Amino acid sequence: MPGARVSSGDRVTLRTVEAEDVPFLQRAGANPAIRYPLGARLRNREAIDVSEEEAGTDRLLVCLDGEDAGPGRADEDDTRPIGAVSVECVDYRRPELGYWLVPAVHGQGYGTEAVGLAIDYVFRSYDKPAVGAGAFDHNDASRGLLESLGFTEEGRRRKFMFVDGAHRDMVQYGLLREEWVDEG
Amino acid sequence: MPGARVSSGDRVTLRTVEAEDVPFLQRAGANPAIRYPLGARLRNREAIDVSEEEAGTDRLLVCLDGEDAGPGRADEDDTRPIGAVSVECVDYRRPELGYWLVPAVHGQGYGTEAVGLAIDYVFRSYDKPAVGAGAFDHNDASRGLLESLGFTEEGRRRKFMFVDGAHRDMVQYGLLREEWVDEG
Amino acid sequence: MPGARVSSGDRVTLRTVEAEDVPFLQRAGANPAIRYPLGARLRNREAIDVSEEEAGTDRLLVCLDGEDAGPGRADEDDTRPIGAVSVECVDYRRPELGYWLVPAVHGQGYGTEAVGLAIDYVFRSYDKPAVGAGAFDHNDASRGLLESLGFTEEGRRRKFMFVDGAHRDMVQYGLLREEWVDEG
Amino acid sequence: MPGARVSSGDRVTLRTVEAEDVPFLQRAGANPAIRYPLGARLRNREAIDVSEEEAGTDRLLVCLDGEDAGPGRADEDDTRPIGAVSVECVDYRRPELGYWLVPAVHGQGYGTEAVGLAIDYVFRSYDKPAVGAGAFDHNDASRGLLESLGFTEEGRRRKFMFVDGAHRDMVQYGLLREEWVDEG
Amino acid sequence: MPGARVSSGDRVTLRTVEAEDVPFLQRAGANPAIRYPLGARLRNREAIDVSEEEAGTDRLLVCLDGEDAGPGRADEDDTRPIGAVSVECVDYRRPELGYWLVPAVHGQGYGTEAVGLAIDYVFRSYDKPAVGAGAFDHNDASRGLLESLGFTEEGRRRKFMFVDGAHRDMVQYGLLREEWVDEG
Amino acid sequence: MPGARVSSGDRVTLRTVEAEDVPFLQRAGANPAIRYPLGARLRNREAIDVSEEEAGTDRLLVCLDGEDAGPGRADEDDTRPIGAVSVECVDYRRPELGYWLVPAVHGQGYGTEAVGLAIDYVFRSYDKPAVGAGAFDHNDASRGLLESLGFTEEGRRRKFMFVDGAHRDMVQYGLLREEWVDEG
């Protein structure tokens, strides 16, 4: 059974991440098209544990529901996971967003909608004045998504990490609550 | 369900190692045709644990996918494991490659392709100037594979281990990042 | 699924011992026809643990495979366990062999073949100049097996253990590597 | 007994942090003059554990030794702790420096010397192309220290944390290996 | 305080082994003059644990008491440890004796007296028909001691262990209860 | 109390490593003059544990005893630790030596004597046909020591580790048992 519906937009739904989602998360995380832009480590299914609560982190599955999931699907269980959004460090500092979509659905605006839902979720749930997000310099898709949502580029940590064969700069973005309100 | 696809070449695919792969790994590891050339210890299935992450080690399953796996197989789950590649000690020194294929597929170039994919993986994922690999003196297949990929013989640790009835020299090979770039 | 094939002779195969073999091992170990000659303790299934590796001990299951296992069996999984061989103390002194077969297959030479395979395994795997084995004075079958394989009687520990109603002498046998080479 | 000497400059010495240093670290960490500029959490002594190695983090005590420690002190054990430097995340990304000194010694250049020794330590010990450090906007002393050592301001995470009564921006600094070589 | 008196002969006393005896036992065990003849492994004090009961083993300290301990010593605490005797495997088979004395007191008959006391202890404490003891072929002192006490050489396990630079035979001795009664 | 005497040469004594030696070992291990040539990680006292036996590793303290330790010292406890020797992997392959001396005693031949005693210890204690040792390319003192003892340079693992600001080659040395017998 899919995780519980947390929030829905025009096309995508955010759901809780459940044990049954581990194979999806692990396959996506190992996919070079996702792993290299994110600078993520390889993990097998046993190394992904969704049962322990990680303090200060919310994990959300990005799904297409009902007819968006494909022809002939109508009920709640007709849902197709297409990515994930995480909200980290909500306990003591500015929350930080992370996100990815499977390559098959790139370029259709699902990511922008999903991250927008996550920002709404954060500002409704936590007394925080801003949210942040980082993207490696070479991750144009991720940077474009953040900019389209109104994020401001706040800085660039030079040679932050070795990713996909080179030392990459981490570009840091931030969005203040009042900026989001103005946008939304 | 097979492990996640990590990297694919013309014929072989590297996947993450999952709990369901333990019987394959253990059977192969006990096979005299694999065990003696590698100098490996006998282990039963209970002694192989893929659920704990071993710090600084990546384990990859070598697979034939789709039509390469046999007639009438087309989707992602049609995959046949034929060996394994490991990348050890990536955390503090030059990573060291280990690898084996089941005897039934020897001599067809699968090993060279799989180890080549693993080298690509290492140099894309880790900021290391070189990779190493060792083969016992009597393991001609393994030594030929390394040499065909451009590895340089760097030394020979004499009487390194008692393997298959004799004290064997361990022949040490290394490949610098710039040598691989020249080759690739 | 049976344990991995470690070594095969004309008729018997040695395999790794797996969790699924515990009921067979425990029933055999409790059988008076096996327990009394060996001087073995009674154990229930919970007391037999094959999941922890015991340092310096290799445990092997003696099996009949394929057509030897019975009519209508052809593939790798058609295997019938008929006994066990252990190799103890390989880490710091002369390894010591232990072995037993179920009574139903006694007298057909399976034991001699299985122990011979185990000796080959020991001398190929470990840098040891000799193997030992002990048999109680009253265990004629075991003593005959050792002698037929070329073991030398090296001594007799008098009144070594109380077994099957009497204090029995333990007859000690040994086989040097060069003696086995001469034999094999 | 003080921790081992790791590195010495003209006036300060960096030492390993030992169990006996916990009361010093805890008192300093609770001191409002240190805690508020750093945005540090309150912890009691039991919450500070120096016995477990934290993967990827080096902790160093800043000390004044011998005559610098005060009158009448000459041998190795005459040492006075005045602060701490930490090096975090050396295992997978750009290391991040943290540091503080007790207020009594502020303004005398000890911090600059201590952080300089730590940068030397990082670039000699780890194959990293850069180090980073962050300081809250209102922490002028810390920002001045980083700038005097050649760090570049790379960005500003707005309203990063609620510290000392207000949402503070985190100013991010970085220093490339070649910039430090030019400086040193 | 020395361990409790277990048994006394004309000159030596057997006492229980206590935590305070660990430094003596460890120093003696590391002494090449004791370690090589016994084929013992090197251990530091932390590796010797006398607090856990080892099932089926009695450990006894060989001591010189009172005036035998040296001039000017008269009370119970005036005791000087000179060696140790162990009795192993008393729970399920023929007990096996082990023993050593520090080199300074060799050749004065203390060992023979101490082992004799231990044999008395075994036959009075346990319903066993025999005791055993082993000595490496090259350990003439130990073999002479056993023979002087009436032990019979029962066998020789060839190339039993690598000790002091060579593969040594283990010579096995045994003493039946009735043989000891005849002697004592 | 110092650890037990394991072996003595003309000037140095090898002793077991005890809990009381941890401060010495940790101070030396943090000393840049020792840490950088060895490529060792920084550890505090809590991170060094001598109480757990590490399987297959012997740790020895190099000491000056009696008059060599300084004026007015005569009994067994007058001993001054000056370094350490380790013997690793004795359980399954060629043992590997490691060693260091404190800088104050460099250049006086103590290291050569200590490593020579350790080689004697290894060949007397273990049935191994060879010992190995590695030294980084830039560690001239260590390489000279190995060569003076008769070790053969067997190879060079290029860019093996990042040590003291650069990627260093690990030069591998080996000494066969018969070569040592010829030398000794």
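Remarks
Which chain is which? They are A, B, C, D, E and F, in the order written, and residues in each are numbered from 1.
Simple rule for what comes next: a contact is a pair of C-beta atoms (placed from the backbone, for glycine too) under 8 Å apart; a residue touches a chain by one contact, two chains touch by 3 or more.
These are the chains along with the protein names UniProt gives them: A, B, C, D, E, F = GNAT family N-acetyltransferase.
On a predicted model such as this, the values are computed, not experimentally measured, just so you know.
Note on connectivity: the fewest steps through touching chains from chain A to chain F is 2. The interface formed by A-B recurs in D-F: of the pairs listed in A-D, B-F or D-F, only this one shares over half of its residue-numbered contact pairs with it.
Annotation, chain D versus chain E: rotation angle of 125 degrees from the Cα superposition, expressed as a multiple of 5. Different-residue interface: chain B and chain C share under half of the residue numbers found at their contact.
The centroid of the Cα atoms in chain A and the matching centroid in chain C are 58 Å apart. Each chain gets a centre from the mean of its Cα atoms; for chain B and chain E, those two points are 52 Å apart. Remark: chain C and chain E have CA centroids separated by 34 Å (rounded to whole angstrom). One inter-chain figure worth recording: chain B and chain D are separated by 43 Å, centre to centre, where each centre is the mean of the chain's CA atoms. The set of chain E residues that touch two or more partner chains comprises 167. Residues of chain B that touch chain C in their complex: 23, 26-32, 36, 42-47, 162, 164-165, 167.
Considering their complex, residues 41, 92-94, 129-130, 132, 152, 154-161, 167, 172, 174, 176 of chain E touch chain C. Residue ranges of chain C in contact with chain B, taken from their complex: 1, 3-7, 15-19, 50-53, 58-59, 123-127.
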